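Next come two complexes built around chain A: one with chain B, the other with chain C.
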Partner chain A sequence: MSAAAAVLRRLTFSREVVLLGVLIVLMIVMSILSPFFLTVNNLLNTSRFFVEVGLMSLGMTLIIITGGIDLSVGSNLGLSSVAIGFSFAAGLPLPLAIVLGLVVGTAAGLFNGLFITLLDLHPLVVTLGTFALFQGLAYGATGAEAVSDFPGWFAYFGQAYLGPVPGQLFIFIVAVVMVWLILSRSRFGRYVYAIGNNEEAARFSGVPIRRVKIAIYSGIGLLVGMAAVIYTSRVYTARGDSGLGLELDVISAVVLGGASIYGGSGTIAGTVLGVLIIATLRNGLTLAGVPSTWVLFVLGVLLLVAVFFNEFFRVKEE
Partner chain B sequence: MSEARAPTEGRRVSRGEVLRRFMVRPEAPALVFLAVLVAAFSLSSDKFLSGTNFESIVISVAVLGIIALAVNQVVLCGEIDISTGSMMGLCAVAAGAVALSTGGLILPLLAAVAVGALCGAINGLLVTAGRIPSIIVTLGMLYALRGVILLVTGGTWITGVPNEARVLGTGTVLGVGYPVIILFALFLVMELVSRHSTWGRNVFAVGGNRRAARFAGLPIDRVRVLAFTLVGVFVGIASVIYMGRAGSVQTNTGTGLELQVVAAVVIGGTSISGGRGSSLAALTGAVLIGVILNGLVLLGVPGIWQQAVLGALILLAVATDVLRRRLVEGKA
Partner chain C sequence: MPVKESKMHRKGGRNVSTRQMWGFKGVRALLLMALILIAASCGVGQQAQQGGGGGGGPTKICMMPKLVGIPYFNAAEKGAKEAAEQLDIQLVYDGPTEAKAALQSQMIEQWIQQQCSAITVAANDPNALAPAMKKAGDAGIKTGAWDADVAQDARDVFVNQATFEAIGYKMVDLMAEQTGGKGKFLVVTGSLTAPNQVAWLKYMRERMKEKYPEMSIASVQPGEEDLQKGIDITKNYLQANPDTAGVFGITSVALPGAAEAVKQIGRQGEVAVTGLSTPNEMKPYVNAGVVEKFALWNTVDLGYLAVYVANAQVEGNLPKSGTFKAGRLGKVKMLAPDEVLLGPPVVFSKENIDQYDF
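Up next, the complex of A and B:
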């Protein structure tokens, strides 16, 4: 038993080492492709762009560990962003509008969680439905218009720098530490793994499955709300189609980080490396002058390859 | 599924029994809902209940319905396919390119079907041999294929498709448009395949209980690969109808279609967990979506709300499915 645990620990350890190697190789390749890539300014600047995907990936890690999935995060980001922008435009003070954005994001996540647990439905079909619903609400409520006349201090969330370091990087680091503590150092985190490994066994062991699931779907909603605040501040515009397609980045990052899509395994460290690899890829390809549509193609293929290798090696192990 | 296919055994059945048998069919709630909606819309707008309006509704959902008939089989297998939007774009690009260079109808159609079948087979092989869940495979393919479209076309539209290649979209037989005829013909074929072919029965077995199907010696991988490939073939056919109606192919052709297709299947009454449903469910779901979108236009609801209505409908449909099953199981 302890021998098996040691082997398992070594495998997960080596997985993150491999990812780190991939990241370093990728950075070398990118710095050859573009002389601008490996500069301190560019690397710090890149971090302005991956924080939103990073925050959502933290929540998605927990969801995928339980064997679930959330396809609605991109639409939810649009909805939360619109909630901030349009409540502000309607006269709500901006601090309250920001709180409203967080509440809308969390409420949308809570809706997913309740729908999934109370009706015993697969998260896939529920979040496919809310993917359309949230996006449709964001479009419909705004008439596909945008708000961008925010006061100057709103830029603090997405455009501020502390010295050379973008402000949102600190938010991300705090979130990483908190989610890591919850997942690796708390009873709740053990419940998450237990549900993913064997939901039936977890139920008979007294794990409050519904409450845990509702909590993690609401949790990702809150993280989406935070991402929406940063995103809206960064682009300085609230539109219904903000975050369109981001679910691909988020799911790819988590899966690349080693979380099994069938549940039961995954780590925050792996996910953070996955986020960094995808951000490097996006930034490097853009600097190298590759059109953005190609980036989508690369991400799509990357997702397939990552899942394939995950499951391939898992089968080998067994 | 067993209740839905119970043979009548030649004995007389009472009217209540007929009603009960109808109500346990998977597509029953959708059909009732459709009837109520048609009645409501025809009362609120006298333009609704006319032959031409109804034909235009069916024509508008023909592309959606044809793809839904095939995705229905994938869902019955317990899998899902959300790559159909990009796949249809790619098939339409193939059909358009061939139509421009050779003309005619057969060659563009063959090209579209071949491209679709290839994409579908890749989906199926990744799911079965690659052991990747179908949602991830088809999500990846949704983006990857859109990239291929932009690569192949270089971002330019295909315009000026010759008229003989547009027949499937614009032509009529005895006053009925080709899209309507093709939709109903494929529906009949799928009903027959579902009821009377080995593969059609295997699909239900694989989706109902995959483990049992494997122990019974069914080729569960081949059954699923065939279902995914069938989606490609039907997407190919649908893309030629689309091209015929539009007369041009844009690089964003088919965007968002995958969601409507899944919506049609589950709204019609095919269970998302597999093993329960019918081709009639997919057809009903597609027509229902057409009636709702058409009704919204007639009632003056801005088109911008369509996406929200679609999402709400998916959630409503899956919730109804669960509640109905609980009710039936609670009684039994």
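Up next, the complex of A and C:
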């Protein structure tokens, strides 16, 4: 009984439960604001828009736990999308073009990882550089043109439904489970936390820091590549400005989910809740007829409040 | 449980009672935060509904610009609201804060859930919006485009602000008025590949050939929608070619750039400047006498017409040919069964420019 009480207590006060509470409150508020919000149709449809950000947030969680950051994910999405579209337009069969998109995304992530670890540079500076580099490459290689004459079956990745459920939701769920297993059930996951808590200590404990970092930056690259396939399929167009600005949504979701930007803490459950809260807020406010400029404002308020409470908690916890 | 692990790594053993204490305060604090959020979103929501709603009728028209927050589309919103009030229908006017097609397609999908009677958009990319617009059409919503078209098979109707021919001819006519119908000219464009600019240039050349054989375009230079670049190009060209009679600036950035260049080298009155831009951009140059006249469509009227057309679609009385009566605009022409024309371009000059605010 005391064990049960302890579990209950831990559950009550964990950040994830609080976030879940915020999500439920938000959903109630939104359903009051708009009669269209709390319909199965709308909720399922909303999931079509957070999967791309969600996939990238999973990788970003690991990066932020190590105390790093990746500002280039949005640009990388554009680059991968362009790689799919333009290699297809140049005559590559579409399945191979999709594989190429995944390869380009992963390679771009690997490039970040190598640059950061081999030259021992701060990820913020490196990915700020590749943010411009990837986007410039995506624009330059395509002359800012767009490709959109994909065959019908390409719509499967971003526009298909299984019954009422959007297809990409399944991809997301699988990715969530995989990344969760890696982070909290494997040695690799422990290494990630160890690096974030104290890199020096981790080094002396024999954690292969470089290899872990290269792996997580390549990993987010692969997730970006997957997001690029879904994104390109959803809007049925490949162009250089795809994904532009998404890095902010991704980092916001992770920070809202409770990961510390200083490294050492963060969970997949928290990040997924962060993604859901932002998606609910965006969708609900739009349905309620709030102009998008004000949606942005409310999102900003939410983030500041969340960051304040997160850091406030952390100081107290220490 | 991932939570447990992260905490273990960070802190090792921790006193349960401390956790309990802070946890309790934390929950209260978070409840407070939730309350603040509710209050904030309610407040904003009410405000928006007052501002966004046009009337009380059952028809709900959802209209999207390429982006919100720039004068051009604010002017269109003004016209749209005016039309919604006259028709006594509900208008939702919103768009992304950046000119991105993906954000637009997301908003269209949300509008489908919101059960709009008609959706009309100014597309950032004709093909990227096609899947969402087709979905809207399948859901029984009337679909349309205004200002910038969507792929033709993905919408029912397009509200065209001006034909390429009318714009091209008008610019040449305005220039001919000022230069006596002769001379060599520089054209500053946005980019050499933009389809609308290429089409305008074609009709400008055609007009010169047919009506003003002594006029000719000596050079076409891309200003890349960069004000400073437009200024530099024009200055350099005019210094190298002093016999140039006039400069056309055929985008809303190229024209003020050309005017600024002529002003800076002190040749106003000698080198004629005209083209396409918005009245607000050009007011200083018109008032200073650098630019006598220039052209554009009336954006307020474009927004107004888009709402009238969408309403006619909902009521099912949009004709396939001939003319269509759109409130204070009177009769507007059906260019094609699925295309409505706003009308001839508007010419702005010192006399009328202060009546416009966009």
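Here is the rule we go by: the second predicted complex is superposed on the first by the 297 of 318 C-alpha atoms of A that agree within 3 Å, B and C clash if a C-alpha of one lies under 4 Å from a C-alpha of the other, contacts with A are read in each partner's own complex, and residues count from 1 in each chain.
Everything that follows uses one rule, which is that a residue touches a chain if its C-beta (ideal position, glycine included) is under 8 Å from a C-beta of that chain, and two chains touch if they have at least 3 such contacts.
Please read these numbers as outputs of a predicted model, since none were measured by experiment.
After overlaying the two complexes on the shared chain, residue contacts for A:H122 are found with chain B alone; chain C is out of touch. Look at A:E199: by the touch rule set out above, it reaches neither chain B nor chain C. In the superposed model, A:L296 makes contact with both chain B and chain C. In the superposed pair of complexes, A:L244 makes contact with chain C only, with no contact to chain B.
The interface of chain A with chain B overlaps its interface with chain C at residues 143, 245, 291, 293-294, 296-298, 301, 312.
Those residues of chain C that touch chain A in the shared complex are 1-7, 9-11, 14, 16, 19-20, 22-24, 26-27, 29-30, 33-34, 36-38, 40-42, 44-45, 47-49, 51-53, 68-69, 92, 94-98, 100-102, 105-107, 109-110, 113-115, 125, 127-128, 130-131, 193.
Interface residues of chain B facing chain A in the complex, by the touch rule stated above, are 80, 82, 126, 130-133, 135-137, 139-148, 150-151, 155, 259, 262-263, 266, 272-273, 302, 304-312, 314-315, 318-319, 322-323. Chain contact summary for the complex, chain A toward chain C: residues 6, 9-10, 12-16, 18, 21-22, 25-26, 29, 33-34, 36, 39, 41-42, 45, 48-49, 65, 143, 146, 148, 155, 159, 180, 183-184, 189-190, 193-194, 197, 231, 234-237, 239, 241-242, 244-245, 264-269, 281, 283-294, 296-298, 301-302, 305-306, 309, 312-313, 316-318. Considering their complex, residues 69, 71, 115, 119-122, 124-126, 128-137, 139-140, 143-144, 245, 248, 251, 255, 261-262, 291, 293-294, 296-301, 303-304, 307-308, 311-312, 315 of chain A touch chain B.
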